[in-house]
Amino acid sequence: MPRAPTPIVPLAEAVERFVADGSRVALEGFTHLIPFAAGHEIIRQRKRDLTLVRMTPDLIYDQMIGTGCANALVFSWGGNPGVGSLHRLRDAVEHGWPTPLRLHEHSHAEMANAYVAGASGLPMAVLRSPAGADHAGKGARLGTVTCPFTGEVLAAVPAIRVDTTILHAQQADRRGNVQLWGISGVQKEAALCAEKVVVTVEEIVDRLEPKPGGVVLPSWVVTAVAAVPRGATPSYAQGYYERDNAFYEAWDEVARDRQGFVDWMEKHVLGTRDFAGYLRSVAGGEAAARG
Amino acid sequence: MAVTASRLLEDGAVCFVGIGLPSKAANLARATHAPNLVLIYEAGPIGAKPTVLPLSIGDGELAETADAVVSTPEIFRYWLQGGRIDVGFLGAAQIDRFANLNTTVIGPYEHPSVRLPGAGGAPEIAAHAKEVLIILPQSERTFVDRLDFVTTVGYLGGGDARARGGFPGRGPTAVVTDLGLLRPHPETKELVLVALHPGVTVEQAKAQTGWPLRVSESLRATADPEPREIAALRRLERPAPVPPSRGAP
Amino acid sequence: MPRAPTPIVPLAEAVERFVADGSRVALEGFTHLIPFAAGHEIIRQRKRDLTLVRMTPDLIYDQMIGTGCANALVFSWGGNPGVGSLHRLRDAVEHGWPTPLRLHEHSHAEMANAYVAGASGLPMAVLRSPAGADHAGKGARLGTVTCPFTGEVLAAVPAIRVDTTILHAQQADRRGNVQLWGISGVQKEAALCAEKVVVTVEEIVDRLEPKPGGVVLPSWVVTAVAAVPRGATPSYAQGYYERDNAFYEAWDEVARDRQGFVDWMEKHVLGTRDFAGYLRSVAGGEAAARG
Amino acid sequence: MAVTASRLLEDGAVCFVGIGLPSKAANLARATHAPNLVLIYEAGPIGAKPTVLPLSIGDGELAETADAVVSTPEIFRYWLQGGRIDVGFLGAAQIDRFANLNTTVIGPYEHPSVRLPGAGGAPEIAAHAKEVLIILPQSERTFVDRLDFVTTVGYLGGGDARARGGFPGRGPTAVVTDLGLLRPHPETKELVLVALHPGVTVEQAKAQTGWPLRVSESLRATADPEPREIAALRRLERPAPVPPSRGAP
């Protein structure tokens, strides 16, 4: 209980120590602050048999699924926003490539509530969810509870709890307190439903200045911090850089084809030592866009 | 399609919008006849006022122009389930005659021929918004006799099935397609073709529907887009003033 | 549905139009931003038979109960923080003076969760609340639900819904959008569980600048706004004025005695036209502290 | 009393504190041996570092010095019920031999002779915090054979009654009074006097307890306050630098 201060470590060390093969891992961030650098490091370290949890899998899980890190996915909307399909996710589901993927599928409302329940130490969340829709085969357990006051039957969804949550934030201070701001999605709930919390940040600062819309995670709920500038690219970090919409649009072509995807991942992710190397690799790749 | 849909939105309404066509139509309405339309996006922005169309539902532009940005759980708990949404605006991959929607799979769930993105916010938007607008292209592949998967409930089997299900909102009130406009029959809740876009024929609409399509006796033509609507759409669709991808894949 | 803009009106008009005799009313604010001006106006207009809802009744409900506005109280902690008893609340409960007061009594956790359920459109909240404590006679209904996934028995508490919630905030803009910041307690939930929401503000501004910790209520959930500078006194408004701790300490003497209380309320509240008049009256009363 | 209580707090612990004596003791600990003590107040501040003692639980000083300020529902849901509190620190009007607490009424509930403030955060703090410290003055009126009302559960009827009740936290581990220190017996959970403040006798403690008080065989004296503790208390208790009441009642 005399707590050790939160370690500030290289990302590779954080992933090695706190992401175990076969564990349940959430990398959250609703379009904003998606922890791409951490996802790449998981790919580089060839973690296997992960259960990946995330409302919107986005390109980062497309990459992790396509490189065989995961055997299960808990999610609520699995597309490339505004562009189309996540081809690697589809290939895993439709053809079991590179490895079969079990799905546990929710609506956004169910999943957001399930995260809240996990953060609140409850075994379940209660919500008004429509009856009559298909659930067969979706892999997500649903139940009901009856309100003891009104007799109404309400939907129940099991709480989400994970082994490790990884977030990207704008800033941490030297003691490991973290602040993120802008669209904050379910990041707080994802952090507070996890055994271990790893946060990559744009920068380490002397003092966190409270920001409008700021979400603060005190150091004592943060397991480790790693400084990774531009670590959410091609997602964005409000106040630091914009979303790389062109990358999202171009990804559709890269991921459509297995070999093209493998070559791209080999060259830019597996073939680089760290995220700075990745950024240099893709920046140099504008002409050689197809890998 | 976006123009017709935008005209269905009354000024001052609180509108929960998905990205893509719904966002485009809602922002067109805000730029033309409905300047006080309140746009809520599921990532957290309330009262967003983007000047260009966002590509994704969590774009920075949405947060920076919003009256408030709250957490995603709060959006679904306090704002949607709390009964504060007038209009839910949805797209879909498949629709049936009772305006039930599929965005999950084509083919059987366990062995789909096409894995679609899944539910997202749609099931609860359709359940809780006071009314629901749906926008999707019309073809035999999208307007199907039987959905491969019921992701989102419209009127279930029709008649009073939805009303008996205890849904807080009253359900879909309009379906806008590239061919025209459909409305549910007041009693049976089956979708009825009530308007066609200029140049589209009833036969064409029937041919592009996977069930025997009912047509209103007072079928009308939708009005042509007005110049100010076209101009507003152009402004919304101009490229955002951001640098090109630094990391071309 | 073409909505009328939120009216900005004098406080007396807002109370007259939106606080009905016999209705269920919440004036919230956890120590910070307590809507004293609105409470005084309710006293001046001699509203009767209110069910008052508030986690911490504080001096404002002591004054409203002592002047006979309420016949029921929903609460979770009824003291003068750091000082002692609320004598008027005690007198109403212990001796029915000036009128009997029905209590519906919760813990903070129960009540905070009940507000959340009310804001969420749910009939009840589910929490882990201790079994074995006394509930007999407390007037608050409690029930249980069983988790369909784990079999755990959890406590259930009915949602709070009220006719009118009144808050005090730092700022509104001219369209009636409201922003408050600092300790924000259950204000958002109290607003979102109400049919009508009245907000008094320190000032009306042209544009709300987003603040760290800011809670924004969009105009379309606000029924009316009234500008009442210093309207939370003797509570505080962060960024505007401090808590008047000396007033809280001195109140103990004023409220201890029925006649002293009546004289004080006659002189400073019922005998003044509005909150500005009240502030002048008590500011002039330092020597004549006992009324 | 505050000094003895402050010494029970380990550096780095996360402590949920009520206003008054608990806040005083916790801030004294932070000012002396436990600079990394994390203070959480129910109004919303997390990691508050007040330099003077707050009068109320929502004082501005608490928010301005905190690492984060969250809503009251979040405090009770994510932080307390979420299992993140090491030490809950409570006062009370009455306590029984199994450390159950009454802060509701003296006399029958419907016709109380004294109406007390009520539960506040105590029931759930006592249920969820990993351990609970209690601080209150000791007399026949406060240390009673039978509570008039069980507001907050300590060990219920003793033995394994609490453990069987499914409470997440392990319950009260110490009761600090103006006479000394009591701890629950490891098996029976009945409070045992384990230390006396300098100058207090066992007979006095027994006389000021409403049940036959058990005394530890290894009864010890608490250490006198150290100079740095006294100095820290004086600093915390100095008048806050705010103007006097502008509205004297």
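Going by the order they are written in, the chains are A, B, C and D; count residues from 1 in each one.
Here is the rule we use: a residue touches a chain if its C-beta (ideal position, glycine included) is under 8 Å from a C-beta of that chain, and two chains touch if they have at least 3 such contacts.
This structure is a prediction, so every number in the text was calculated from the model and none was measured.
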C-D against A-D, pair bridged by the larger set of C-beta contacts: C-D
Just how far, in Å, is the C-alpha centre of subunit D from the one of subunit C? 27
When the centre of a chain is set as the mean of its C-alpha atoms, what distance in Å lies between subunit B and subunit C? 40
Of all residues in subunit D, the ones touching two or more other chains: 77, 81, 128, 168
Where does subunit A touch two or more other chains at once, residue-wise? 116, 121-122, 127-128, 152, 188-189, 213
Those chain pairs meeting the touch criterion are A-B, A-C, A-D, B-C, C-D
Subunit D partner, complex, touching residues on subunit A are 1-3, 116, 119-122, 177, 188-189, 192, 216, 218, 220-221
Contact residues on subunit D for subunit C in the complex? 19-20, 42-45, 54-60, 62-64, 69, 71-73, 75-77, 80-81, 104, 109-124, 126-128, 149-153, 156, 161, 165-168, 240, 242-249
In the complex of these two chains, what residues of subunit D are touching subunit A? 10-14, 36, 38, 46-47, 67-68, 77-78, 81-84, 86, 128, 168
List of subunit A residues in touch with subunit B within their complex: 30-32, 55, 75-79, 81-83, 85-86, 89-90, 93-94, 105-109, 112-113, 115-116, 127-134, 136-138, 152, 182-186, 188-189, 213, 233-234, 236, 238, 242-251, 253-254, 264, 279, 282-283, 285-286, 289
Within their complex, state which residues of subunit A touch subunit C. 121-124, 126-128, 141, 143-150, 152, 154, 156, 158, 210-214
